[in-house]
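Report on one structure; see the data block that follows.
Chain IDs A, B and C follow the sequence of writing; residue 1 opens each chain.
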């Protein structure tokens, strides 16, 4: 038993030394991603890998999680990166509060942390002694949903009835997107009939939409907090025989929705240039490492994608 | 004698049917449009997938087992079927047929694995299927590279929208499966053995049967129904995704339990399961139409599961009193 | 003559469809061993459960030490000083002997268990019941007799003035029984009142002061034991005079060629090889005390447990038996000692139980033909005189004797060639026992091979042509019918162990 333990320790030690040696050659970047089961993050991770391969000046170690809510994996990944003494950690937090202590630990260990995709909670940052305007690279979710909501509102005109399909209650990006939709509804003078969650899921969105259609047969537009849900919503409208009478907008610009937009079954979606997002964060990180001083929100572009600008 | 028979029926499936009917009447009065043809048709569609999975789950639970892997298996089945159906080299008809086969075989293979491991090493199915939950999910993600598959043949997609006299085709398929399941449980040797093993496995073994075969078969049936459910999912939503089906196992178990099947096995029925699935679906639909918030609906669904199980204990008591 | 400690006045209890107790009145005297006898379903267990607070009587009153007594809960009965030891023990298998005995009143030291005191207390009480085991030993490692003594220790170590023993000797060997009786007598001298329930009538005279006979929920009589004889008690129990206790038929005599041969059988946990044979037209008995591996041997023979070696031949043909399935296919069947957990599917109808081993006979293309099943089940039930309102009655609701007949019906429907009975009449009332013996002879005359395993020697001596005796996992002796001698057979049984 003791012998086995000794062998394991030796192996672990050797591995640690190995990675340290690696660090000596090239700067190492730890990339902490959200769920790679989600197509959106998968493409983002691939974008980062491609950037690392093309650039060739640094070593990229990407880590993903099993599910959207798997905070533990992210925290252990952060801890591993701290132990390995990487040069830069690029983090898309699964929980805007839960990851703050890990970020603090990394910062204390002298590692530069770049926050992207979802902002860390300001209060939590302040409580742990980190600056409230902690460096964040990412799109403005609220801005994106506002733009696409406005796009829908302009198309439908004043007083048109709309429905919002929300993401996971409690998730930050879900809240931000909802806020953007609400802003668009107010500004365009739309009539908001209902706002329900479908937990980002296609099947649930389909069920919720079908039922809402029964309750509100005269709905004219639907705003979905992501494209997966938009898929379910479009299918519900089709099944109800109302294709062409109800406009749907989504968020994320996934392949399946591009098809729907081309076919005219969906009005628009938002592209926040996911594949480049992680790469952008890494770029910003290196700019800081090279002496530039950047703080606060480094916004990345968002763009409404509709039939007109879709290639 | 006649009143006694009626009482028996009421205390069995018919009792759950009454609760369902009561719920429907309640909603018809308080919710406009609830009883409208299109809404009923919608409810049919919405309960189909859960019903189909619950049919397979009933077999497993009747044997005192449980299958936690159905949600992940569903994802895996849609992915493999999705690849098959979008294969451009196959003629459309062949692609669709093959996709159905692939889906069912995938489910059955997972079920075979679950059943075999449980029986060979005498491990509780809770643990084995928990493992399978991860294996199937991982496999689905790996095969699909975590991408959604879409652009199915138009013939396939439009088939999913067909309904006869306002009864959607996918519900007809689900009901057919329920009836087949009911028939197997009530009329065949296989069904007889399922109940007997669920009640007293040792007595069945000592009567010269091999309970293992039946238990493995039950998991394979469960897998096969997941395969069918995967096709229904694709018909309904025209897409296949490796992340779908999260938590479906719990809905299916809830349907089975609300339907009066005992978690320790040996007691329950397929018709009860259908009613159980319908109660969940009607509740979801009715409460949403009434304008209750998401959170209220979730609370109500949880409450009804517990209420159903509490009611079941009274039902068992009444039955015992009646059997005098 | 001492005073009444407990008097029961017109107590009645109804269960759906059954009048379990009908206006029963009798009293128990302080310091006596009161034996309660009666057929299954006579109401003994119901009465015990009422006394212990599990059931409430529908009618009637009880007085305990001249005060009205009506325990609402088992706890209340215990607090009053009435405790019971049931056939199925109520022990926590993974806890130690000491913890089991003092579970509801563990000595404390602050918030901790006072281990020293617990140990000392346990040693004392174990001495009282004559049990020599380590107080720290987990109960699951004990034998049946030892577990029973732990139960008794648990009862008498607390405030207990009345102890109810429900068939305490059912699973004990002769030696263990005498030791139990000694303990009962010692405690009795110290003032304990005992209600003793048993199917073994001769025990009444060894241990009892008075005996009360119940029949069909009614009280027949209460007598001093020296005023009634066994035939009188039996007739009171069954309500009819039993002419012959064992129907032995001289007309059928065993042939010399073997029906079933067991050669060098090796079973798990036993180093010895076991060989014996059952001859054509013979009823063979296997006798042995608890732990003689009698049950284990027939289970291995049937494939129910793992067999490590040996050969089994039926009608001269070698059988390869690895599971009950193989055994059944070749025409062997086993009627297990525990019908409820191993023989029957209790929550299924009688009919389904009867056809369970031969479903193919009532099915067509995999479908069960309910009409054929109903017909066959009625035929079988009638043939074995199973008393039931309908063949769709749940097996759970049948009486012990009828349950045993249902198991037998299952095997007859399968057309088994050799029937192995393990304790065929355990827990069955006298009348039903006689019917089962008659059935054995009928089966023999129909050409079946019959092997009976029993711990009831008089039963084997009454029924069998030949008895082989097991001791310590091997065959230690054999006796042929004309030379059956209880003493000699018992000597064989004690020989090795």
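The criterion applied here is as follows: a contact is a pair of C-beta atoms (placed from the backbone, for glycine too) under 8 Å apart; a residue touches a chain by one contact, two chains touch by 3 or more.
Computed from a predicted model, the values in this text were never measured in an experiment.
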Contact steps required, at the very least, to link chain A with chain C come to 2
Most central chain, judged by mean Cα position vs. mean of all protein Cα atoms, is B
Relative to chain A, largest Cα-centroid distance belongs to chain C
Here the gap between chain A and chain C, centre to centre from mean Cα coordinates and rounded to Å, is 69
Taking each chain's mean CA coordinate, chain A and chain B are separated, in whole Å, by 33
Distance in whole angstrom between the CA centres of chain B and chain C is 44
Note: in the complex, chain C contacts chain B through residues 15-17, 302, 304, 323-325, 327-329, 333-334, 336, 341-348, 352, 356-357, 359-360, 363, 366-368, 394, 397, 410, 414
In the complex, the residues of chain B that touch chain A are 33-34, 36, 38-39, 42, 45-46, 49, 137, 141, 145-148, 150-151, 161, 233, 236-239, 241-244, 246, 284-285, 288-289, 291, 293-295
In their shared complex, chain B is touched by residues of chain A numbered 35-39, 42, 169, 194, 196-197, 201-203, 206-208, 210-212, 214-215, 228, 231-232, 235, 238-240, 254-256, 259
Interface with chain C, chain B side, in the complex: residues 187-190, 192-193, 195-196, 199-200, 202-210, 266-267, 320-324
